[in-house]
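Next up: the structures, one after another.
Two complexes follow with chain A in common, the first pairing it with chain B and the second with chain C.
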Partner chain A sequence: MTALFLDIVTTSAILFIVAAGLMIILGVMKLINFAHGAFLTVGGYSAYIVTDYGFSPWLTVPFAAFVGFVLGIAVERLVVRPLYSRPLDAILATWGLGIVITQIIVFAFGRGVQFAESPMSGTLEIFAVGYSAWRLTLVLVAVLLGVGLTALLYLTRFGLNARAVIMNEDLARGLGIDSVKVRVSTFGLGAALACGAGALITPLLSIDPNMGLPWLVNSFMLVLVSGVAIPGLALASLLLGGAQVVVSTFVSPILGGVTIVVFAAILLRIRPKGLFGG
Partner chain B sequence: MRNLTLASGLALTLAFTTSGAAQEEPIKIGIPVGLSGANSVVAPSVVQSSELAAQEINEAGGILGRQVELVVADDGSGAQGAQRAFDSLVYQDEVDVLISMETSAARNAGLPIVNRSETPYIYTSFYEGRSCSPYMFVNAWVPEQQVTPVVDHFVNELDAQTFYLIGSDYEFGRGMLEFTRQYIEESGGEVLGEEYLPMDASDWTPILSDVRSKAPDAVITSTAGGAPNVTLTKQMRNSGIDVPYGNLAVDEGTAGNMGSDATGIYISQSYLTGIESEENAAFLSAMDEKFGSALETPNDLSVPQYEAIYLYKAAVEQAGTTDKAAVIEALPQVSYKGPRGDIQMNVQHHTPLTMYLGQVEEDGSVSVIQRFEDVDPGEQCPNL
Partner chain C sequence: MADSYASSTARNRRRFWLVGLVGLIALTTVMIAPYFLDRYLVNVLIRALFLAVLAITVDLVWGFAGILTFGQSAFFGIGAYACALVATHYGFGPYWFFGAFLIGLAAAALTAWLVGVLSFYHGASPLYSSIITLALPIVLVQIIFAGGRFTGSSSGISGFPTYYWAVETWFVIAGVMLVVIGCFAWLFVRSDLGRILVAIRENEDRCAYLGIPVSRIKIALFTACGSIGAAAGFGYAAFTNVVAPELGGFLLGTESLIWVALGGRGTLIGPIFGAIGIDVTSSYLSGTLPFLWKFIVGVLFVIVIVLLPNGFASLVTGAWRKFGPKRRSADANDERASHSILLRPAPTVTRLGSNGEKPIIIEGLGCRYGSLSVLGDLSFEGRPGELLSIVGPNGAGKTTLMRCISNGSERTAGTVRIAGNEIAKRSPEKVVGLGVGRSFQNTSLFDSLTVGDCLRLSRYRIDGARLLRRTHHVALPKPALGILEATGLDKHLDQETRYLSHGQKRGLELAMVLATEPSVLLLDEPTAGLTKTERTAIGDVLLSLTNSYGLCVILIEHDLDFVRQISDRIVVLHEGRMVLDGSVEEVVSSDLVKSVYSGHAAEVA
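This part shows the complex of A and B:
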């Protein structure tokens, strides 16, 4: 029973970490970033580069986040900004961008599996069972991330500007808020979160050109169900991640793989605007 | 006028070269292989070993005095691509033989074309067994040969009574574990659980929790190569499961790259680079010389491919012709001593093989624990 509880909590934490970057971008920019999966992959390869050059595995996450931030700003400037007035085209462009990034990775590193060193391995004793130390660490990371993002949105000038842009962009601009600057910072932040998440999950996964792809669909579903709010995303991760673990454990792991998508569709039928949507 | 001279000169050269080649047209070997898709990681090593075999044969005077030409076609690692690849190789390039390492899906899709054209086909990939055609020969292992060393070692040497089986949800994964379960039960062991995940899934947590709660004496896995294998191994090590672990799908190279997570894994192969024989030493140094830094580590898929080309050479030489029917009759009769030892495809179109049970050491190398001489493939195709 303890193991089931820990499985649910850690799976939810991982989902939260992975989906956060996607939600930040959708919230402020009204843009579904389909390159999110590719950003996760870039994070994984950043981790690989760091440990391959012999640096400490603890540096993988900050380095990946930095790479993501720079990548995000470049992508916003070159791909997304020219398409602000054409939201559907912008979504298509991010989809294409994801394919381009994946192919560049294939050219640079090949299709094979790469390995990065993990910051920690083995198990920790908790509630009288030994449990994967890294998964437990990710729970802590998820909590800090949730608190940090909330603080950023509600306690800082950037957060105030971002919320103003979310509520009414024209009015915000009229009041002198540079909405272009808000957008570019947001996209950079979202990409940094995505790449950081990619580095955070590599100790559990293999690093290959498609590593981010399976996470894209689940993240997308979670963000829709969340109603694009941080507490909503936490609740959605717990509900859907929990459902996935329960179905995998008691029914079949194969069905567990589609639980999030099916459950999300049902939830959206009942609450079309998501759990925390107005 | 000058143009005319040039043109006639060109025509002359052309006539000269074509008449030279017409005397001995090359023997064409068709190699449909997964250059893209799931097999794209291993395919380059297979192409390299084929190229070495062809070069060696050509330098030594060819087959019956004729040069060998390789025609490589991408099968996309799947059924659709394989149909196109087999079709163009057989009917457009008109190859004399097909020799290839492929996925089971690609092989099954190509077989009808092989049967219709009655082309000899040597399949060089290990697979789940029981695929039969009068025109197909297999020189790699089947579950009967690969699984038994692992289970025997676990039961007899490590006193394992209870097992847990984990796999990827596809034909090879399920086929291997189905045989494993059967063999464990015949050996008096008990299977506590058998679970699968889709090939693109990466979170094994619920299955690993189940393994922990059932506490088996040993775990045996058969996933798709590459990513699923790595994610499962990493997560299993991270979750503190440290019972004997037999991995039916890991190869030497991947095990070496995986670092400390791979330490202690048991693997069972018909080829390991560490095999001590003259043939293997000569093969490895020739590969090294030909490809240098671009060399893909030779493995249990690329070495059978190399040997299969020599087996075809032996069959053509015995038959005295490349006539398809005569070659097919000769194929099970000839043998070739390659890096894996003496290879003869004489048991219902399959091959008795010497198998090696290895264990991954801390430095990523594989030490041979036990050698199983001439393991029989069993009843694969009783009607052939």
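This part shows the complex of A and C:
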């Protein structure tokens, strides 16, 4: 029972971390970034590079986030910027970008499976059950990330500008807010979060060129169900992540794999704007 | 009239001949090609031809109707598995084979219909259908995995009994299938119904308010394309003798989008060549340069989406226009002439209101969003031949009232009866059927359609639309014809609407709404942005609608002078409440109205 509870909490935390970057980009830019999966993969390989060169595994996440930020800024300039007025095309273009990134990774690292060193190993004793220490750490990371993003949006100048752009972009521009800059930084931040998330989940999985793909669809569904709000994403991750764990444990792991997708499709039919959508 | 009918059948016949001729050339090519190509290429091409059929369906759904679908591969997979499962587990023979084919088609059609019902409802965001089509192949693949030994799980099924015909035979089968479906698709997209698909892509909401059953058309299209996709998948499986979950997977779904995007969405021929070209090339390069090829396709895809949204087909047509033979311009004129539409008066119908019922009765209508009440307890009625103006300051709820009358799911309280029929929870297209016509505050038209196309599609509700033919005349009620004449639009029937002036657009929109033969006409600021003369012309038109044709016109207007000149009655709204309902004199002389419009000052005075 305790193990099940911990599974639900840690799975939800992982989903929250993985989906956060996609949500930031959708929230501010109204743009669905289908390269999100490839960004996660880039994060995974960044972690692999860091530990492969013998640096401390604790450096994997900052390094991956840095790589993601630079990558995000380049991608925004080259691919995303001409597509703001064509949101459905932006989905396709970022998907194509994901294919390109994946193939570049294949050129560089081959198709094989790699492993990155984990910053933490072993188990922690909690509620009289031994549980993976890294998964428990990720719960803490998810909470900090949620608080940090909320603070960024509501307590900083960038957040104020971003919220102005979300609500009324034309007016924001008229007030002298450089919406181009807001978008570049948002995409950079979203990509940094995605790559950072990729590095955070690598201790739990193997690294391969397609590792991001299964996460892409689930993140996409979670973000839409959330209604594109941080508390909404937390709730969506808990609900759907919880459902996934329960179905995988008690029914079948194969059906568990589609739980999030199916539940999201049903939830969105009932509440098209998501849990926290207006 | 007999003349126009004859010429229109002649044009249709010419189109059929053209399609027939191209089809014949393509068929001949298919028949002789396998004898000139090497064996490996023929094998590769057979698969590519089946995939090209799938590409046609993606182009119809995405390129023409504008539904971004990730899940067309699921239907391909259903067809393929129908072939493999029946042959493996039940039996094989001509009857079994044909039965399996029908099962595949039926299963795919049913799935597509369910997906369609789930995702195409009035007000659904275009993203939702994409989400569902994204979920579909993912769920299908998991079902195949869960099928264990029955479905062969992740390794699929191979070596099931099938017809081991010569590759030449298979090539002809695949080729004939592609040519036949391609030709039908070609006729279809050029038909009346095909134009309606484009209209739905451009402005779905406007279509609904013209009485076009958008959801039903989309569901029907999706169902038909689903079963065509299954037919292609069935052929693919029967030929290759291998099925694997990938055939129904999300990646094949996105790959089919890539073929269509690169070839040129909305062109049919582009996606066919896109699918064949990419699939054949990757078969050749997969041995030597597998990763590089995928990389190149990815890069091309991104570049095409960003810089060349209409794909490589647009390069060809662009070059043709620029460097093609000179007589092209003459051709263009010719084509224009052959496209032109003849207008003619529609037979006068007996109105719904003629059975003695009032055209519109509103009782206790209210509308609230959460705790915010936008409209409360509104009751009034409209009589035939009456011009009723609704005035009130900004934010009084005028446009919301229009929405509540024309869409059954908008209001939260009260009833609206049109000619005795309650609108209940009816969707906009059904409310149009009861006799409500609505024009919008912002002129909303279909940019890439011509004036004639717009008029024809507004007659869909009454005259229907041909599946494979283009009709070359459109019957319009007299008042609509009058407006077209007055604005000179009847001489620009082949003009695309985006080139019209603002005044002409308003005139066209009004004519389109009138073409649906409403008994109640809702007009939201029809004179906004018009010149003085245009305004007077619209006023005259409205007066003739009420006086000569007995329509009940409900008008929202800010220009009080205009309102005073033409109205029979005025309803004053203020903060969502009805303040006054009376004759022009009563309202004009009312102190209450003055205070509403000038705020506190008048109240104090």
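Following the convention adopted for this analysis, the second predicted complex is superposed on the first by the 278 of 278 C-alpha atoms of A that agree within 3 Å, B and C clash if a C-alpha of one lies under 4 Å from a C-alpha of the other, contacts with A are read in each partner's own complex, and residues count from 1 in each chain.
To be clear about the criterion, contacts are C-beta pairs under 8 Å (C-beta built on N, C-alpha and C of every residue); 3 or more make two chains touch, one makes a residue touch a chain.
Note that this is a predicted model, so its numbers are computed, not measured.
K.L.:
According to the stated criteria, A:Ile254 is in contact with first (chain B), second (chain C), both, or neither; which is it?
P.N.:
Touch status of A:Ile254: both partners.
K.L.:
Applying the document's definition of touch, where does A:Leu4 land relative to chain B and chain C: first, second, both, or neither?
P.N.:
first
K.L.:
Considering only the touch criterion stated at the top, classify A:Ala74 as touching first (chain B), second (chain C), both, or neither.
P.N.:
A:Ala74 contacts neither chain B nor chain C.
K.L.:
Applying the touch criterion given at the start, work out whether A:Glu117 contacts chain B, chain C, both or neither, answering first, second, both or neither.
P.N.:
A:Glu117 sits against chain B, while chain C stays out of touch.
K.L.:
Scan A:Leu224 for contacts with chain B and chain C and give back first, second, both or neither.
P.N.:
In the superposed model, A:Leu224 contacts chain C only, not chain B.
K.L.:
Please indicate which partner A:Leu175 is in contact with in the superposed arrangement: first for chain B, second for chain C, both, or neither.
P.N.:
So A:Leu175 meets neither chain B nor chain C here.
K.L.:
Looking at A:Ile91, would you say it contacts chain B, chain C, both, or neither? Reply first, second, both or neither.
P.N.:
Only chain C is touched by A:Ile91; chain B is not.
K.L.:
According to the stated criteria, A:Leu140 is in contact with first (chain B), second (chain C), both, or neither; which is it?
P.N.:
Neither chain B nor chain C is touched by A:Leu140.
K.L.:
Go through chain A and flag every residue that touches chain B in one model and chain C in the other.
P.N.:
Residues common to the chain A contacts of chain C and of chain B are 252, 254, 257, listed in rising order.
K.L.:
Spell out the residues on chain B that touch chain A in their complex, using ranges where they run on.
P.N.:
Counting only chain B, the residues touching chain A are 40-41, 169, 195-198, 200-207, 209-210, 212-213, 226-227, 229-231, 234-235, 237-240, 254, 257-261.
K.L.:
Sort out for me which residues of chain A touch chain C in the complex.
P.N.:
On the chain A side, the touching residues are 32, 79, 82-83, 86, 88-89, 91-93, 95-97, 99-100, 103-104, 106-107, 217, 220-221, 224, 252, 254-255, 257-258, 261-262, 264-265, 268-269, 272.
K.L.:
Using the touch rule from the top, collect the residues of chain A that touch chain B in their complex.
P.N.:
Residue positions touching the partner: 3-4, 7, 10-11, 14, 110-115, 117-118, 121-123, 130-135, 203-206, 208, 210-211, 213-214, 245, 248-249, 252-254, 256-257.
K.L.:
What part of chain C is in contact with chain A in the complex they form?
P.N.:
Touch residues, chain C against chain A: 68, 118, 123-128, 130-132, 134-135, 138-139, 142, 145-146, 250, 254, 257-258, 261, 291-292, 294-295, 297-299, 301-302, 305-307, 309.
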